[in-house]
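Take this structure, written in structure tokens, and hold onto it; I'll ask about it next.
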Amino acid sequence: MTKTTSAALGGLAALALMAGAAHAEAIKIGAVLSATGPAAFLGDPEQKTLDLYVKKINEAGGIDGKTIELVTYDDGGDANKARTFAERLVEQDEVVAVIGGTTTGTSMAMIPVFEDNEIPFISLAGGIQIVDPVKPFTFKTPHTDRMACEKIFADMKARGLAKIALASGTGGFGASMREQCLKVAPAAGIEIVADETYGPKDTDMTPQITKIRGTAGVEAVLNADFGQGPAVFTRNYAQLGMTLPLYQSHGVASKQFIELAGPAADGARLPAAALLVADDLAADDPQKPVVTEYRDAFEAATGQPVSTFGGHAYDGLMILKEAIDRADSADPGEIRDQIEATKGFVGTAGVVTMSPENHLGLDLSSFRMLAIENGCCWVIVE
Amino acid sequence: MALPPAARRYLPVAAILAIVVVLPFVALGSGYHYRLATLVWTATIAVIGLNLLMGFAGQVSLGHAAFGGIAAYAVAVLPAHLGLHPVASFAVGVAAAGLLAAVVGRPILKLKGHHLAIATLGLGILVAMVIQNEAAWTGGPDGMQVPRVEIAGLRLRGAEPWYWICGLACVAAALLAVNLVDSPTGRALRAIHDSEIAAKVAGIDVPRAKLKVFVLSAVYAAVAGGLLALSSGFASPDTAGFLHSVELVTMVVLGGLGSIFGSLVGAAVLTLLPQVLTVFQDYEHLVLGALMIAVMVGLRRGIVPSLGDLLKGRRT
Amino acid sequence: MQEFLQFIFSGLTVGAVYALVALGFTIIYNASEVVNFAQGEFVMLGGMTTVFLAAAGVPLPLAAALAVVATVAVGLALYAFAIAPVRGASTVTLIIITIGASILIRGAAQVIFDKQVHRLPSFSGDAPITLAGAAILPQSFWILGGAAVIVVGLKAFFEHTLTGKAVLAAAANSLAAELVGISLRKVVGLSFALSAAIGAVGGILAAPITFTSYDMGTLLALKGFAAAMLGGIGNPIGAVVGGLMVGLLEAFGAGYVSSSYKDGIAFLVILVVLFAMPQGLFGRAKVERV
């Protein structure tokens, strides 16, 4: 064999080894999101965020030089499908961690699979039962619906409003929030005197609002739902000439709500993450650079206005990335330990500090109370 | 192959049994595979029942998933709220579904064609609505956990035990169906399918026969729903929803109306196809819809009967 | 009283959209005995296409007209590629095909448009009109008026034009119609085109109030079908009345009984009516031939 040939062979061997090594070094992360179906309003920005930021991380060299491989499945909002995809991720795709579970229903269906197989799971859903009681491998990034209720009730109390009407959607988000608000209302000094519901795809809620109007003593109205429901509700609210203070939930934390609801949304208050008011944050607010960067990147890449749901996916991915970084290994158990050791992580939802008893890591202070004004924008009203 | 008619009858049952027994050794490599197969078995049970109603008796039901939902929630609600053992709850759930079918069946089955479709649709929607709204009992839209089953101290853990339970239940379901089809009741049903008036003239108690098959198909659907909830570990309102009912009807027609083995084919196709189509990402539904149309246009009697016709055609 | 009137207007507005869907069902059913479960998608296509064309800079009226044309094209394609090839197939086969078509159209919409919710600007503003204490949006009048115009136009078409009469003839007895030289293919194709157009117009008129999104079609098809059965499938007047009634039942159900069960109440009433009058409110009693 000539010198050239052996050199070439050596080079080829080295290349093959490197390629093989590079591929073997990819970190596989799974995602099960409701990109279609009734929760697409939440799942679609989550999907786009994960795709965008996995690409960015890989372009910046990955985690410790290893690329991230993202395997995504769409469960369409169906808990049974989500469960099947969870098993597929764990057994077929052999991922080391999973971000996902757009809705509480899909999250709860998948949790047993991840707990049994000891794969860390960061949920993007709001239900408090995801982290209460705490399960070793399950974490979550969004505020719980109980926190949203507490924040709203505190603001109502501060304005001297005590008797309220509740109008919630019958989907998972609305029903869960309604349940939590009913639970915490007495302790917060709020009395719920009217309790109406509507379907997620309903196009007219004037009957429900008419009933609320006819209930004596109502001082404010809380609309708990996400997607198009609150927008229709808000328009109907203005149509019927209702002037009582209107509170929305964090389910409308996106520009889309204001676009759909129009001028009728002015004056409505909602609890939301700082992401929505990035420009109004104080210059020394630790969240300001993070939320501004995320908002700009998301809007530039997708052409759609930013929403807090995409922000939850961002937080989940970044917490996971930093955990893998700190663990310096792709072992699911060690990744889990490092996720639990997250301290002072600055995300779009707030500053996250987890512990063995707290797998959410956020408190009420990271929720800001916003009001909608001028048919376009949010302003902080604390 | 000239088999005596008695043996030919049981061919579909033998085929299903063979598949259930052989599959783990040739194709099932992981818990995920076992789970997929289990999903196919439970779906097949429901589809066989619906096939008895639609294929043999010629009726239609757009609300059959509701019966599955009743049993699914029985195994979730009864252990949690009343402390009943999951197996006992399963029996209660199946009985409840059968009872509902018996009570509602008499008036509903007086309707025919599209009217029957709407009535069963309405029934399904009402049941699904109750499940979703009575959150204090059922956990609401987010569904409810189902406890792990323990029989005589043995905990049923993992995907494999449920594969065998559901697979053998499927074989039993097929066996029962084949026996029914060739019994006097089965012949009465086929007579009704051809012409209700002629059947009445021939002395068949038409309302009674229709009610029997309606209740039986409801029981099949309930068994399927209960097994699904037990093997998944949770019950969700989607199981009882309209979309799932439509999916069941699609499985029946896709596999072939009136074909027991077709029930398995239809169930397998619609359970496995979405898993396969995930490669198409955003285009998944587009491809699924196109495939459904293509298959029905090309094999208009359903997969198994049309393929059977093709084979016979080749021989002559 | 003020409440009662408010419920009536809510019910009529929502019901008018159901009526248009039910009308579409009836027209296709009359010509071909096919129950077209993709009917709701026509409504979706009307609204979504208009939204996206308008966003691309096309002036609104032109965008709406183009959207109707596009939806008609989809309807004709549905007929040509999915229905016509299986002439003579069983009812269930056809139902599954139309269900497949609705999945296909929805899947295409998800990719061509997007998965977000959109609306069109109201045609004559958002200031509610107060009538005896009840507040009605101007767009409601557009929806009701549009539906009325369509119904009157259809009546004129069916009773006073040769093509319309041909469609009625084919519906009455397809064999006889073919014998006198009426092309069944053209008649059924026309019925698909008409239904698509009606659905699209309904979607455009309703989009300012009900919003539009890629998956709004399924529930609409369901309710439209129920409304058509309530009115007596095969009867266009029945379809319209059925649609309005379903809307009113939902509004009164939510207002007077229970807002969480309002859809169930509507279905319950439909079931009761069907038990008492199996042919629907306006249908002719079917004579079963042996």
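Per-chain numbering from 1; labels A, B and C assigned in written order.
Heads up, the rule we're going with is that a residue touches a chain if its C-beta (ideal position, glycine included) is under 8 Å from a C-beta of that chain, and two chains touch if they have at least 3 such contacts.
Just so you know, these numbers come straight off a predicted model, no measurement behind them.
Q: Hey, how would you classify the chain contact layout here, line, ring, star, complete or other?
A: Here the contact pattern is complete, since every chain touches every other one.
Q: Applying the document's contact definition, name the chain pair with more C-beta pairs in contact, B-C or A-C.
A: B-C
Q: Roughly how many whole angstrom separate the Cα centroids of chain A and chain C?
A: 37
Q: So, what's the distance in Å between the C-alpha centres of chain C and chain B?
A: 31
Q: Out of chain A, which residues touch more than one other chain, so two or more?
A: Each of 35-36, 170, 197 in chain A touches at least two other chains.
Q: What parts of chain C, by residue number, touch at least two of the other chains?
A: Correct list: 110, 260, 263.
Q: Can you pull out the residues of chain B that are in contact with at least two other chains?
A: 133, 282, 284-285
Q: Would you mind writing out the residues of chain A in touch with chain C in their complex?
A: For chain A paired with chain C, touching residues are 35-38, 40-41, 44, 170, 196-199, 201, 203-204, 206-208, 210-211, 214, 227-228, 231-232, 235, 238-241, 256, 259-260, 262-264, 304.
Q: Write out the stretch or stretches of chain B touching chain C in their complex.
A: It comes out as residues 54, 60, 107, 110-115, 118-119, 121-123, 125-126, 129-130, 133, 195-198, 242-243, 246, 249-250, 252-254, 257, 282-293, 296-297, 300-302.
Q: List the residues on chain A that touch chain B in their complex, please.
A: My answer: residues 35-36, 72-74, 77-81, 83-84, 87-88, 90-92, 103-105, 108-109, 112, 127, 170-172, 175-176, 179, 197.
Q: Going by the contact rule set out above, which residues of chain B touch chain A in the complex?
A: Touching chain A: residues 30-33, 35-36, 39, 132-133, 135, 140-143, 145, 159, 228, 232-234, 236, 238-239, 274-275, 278, 281-282, 284-285 of chain B.
Q: If you look only at chain C, which of its residues touch chain B in the complex?
A: Within the complex, chain C touches chain B at residues 35, 81-82, 85-86, 89-93, 95-97, 99-108, 110-111, 218, 222, 225-226, 229, 233, 260-261, 263-264, 267-268, 270-271, 274-275, 278, 280, 288, 290.
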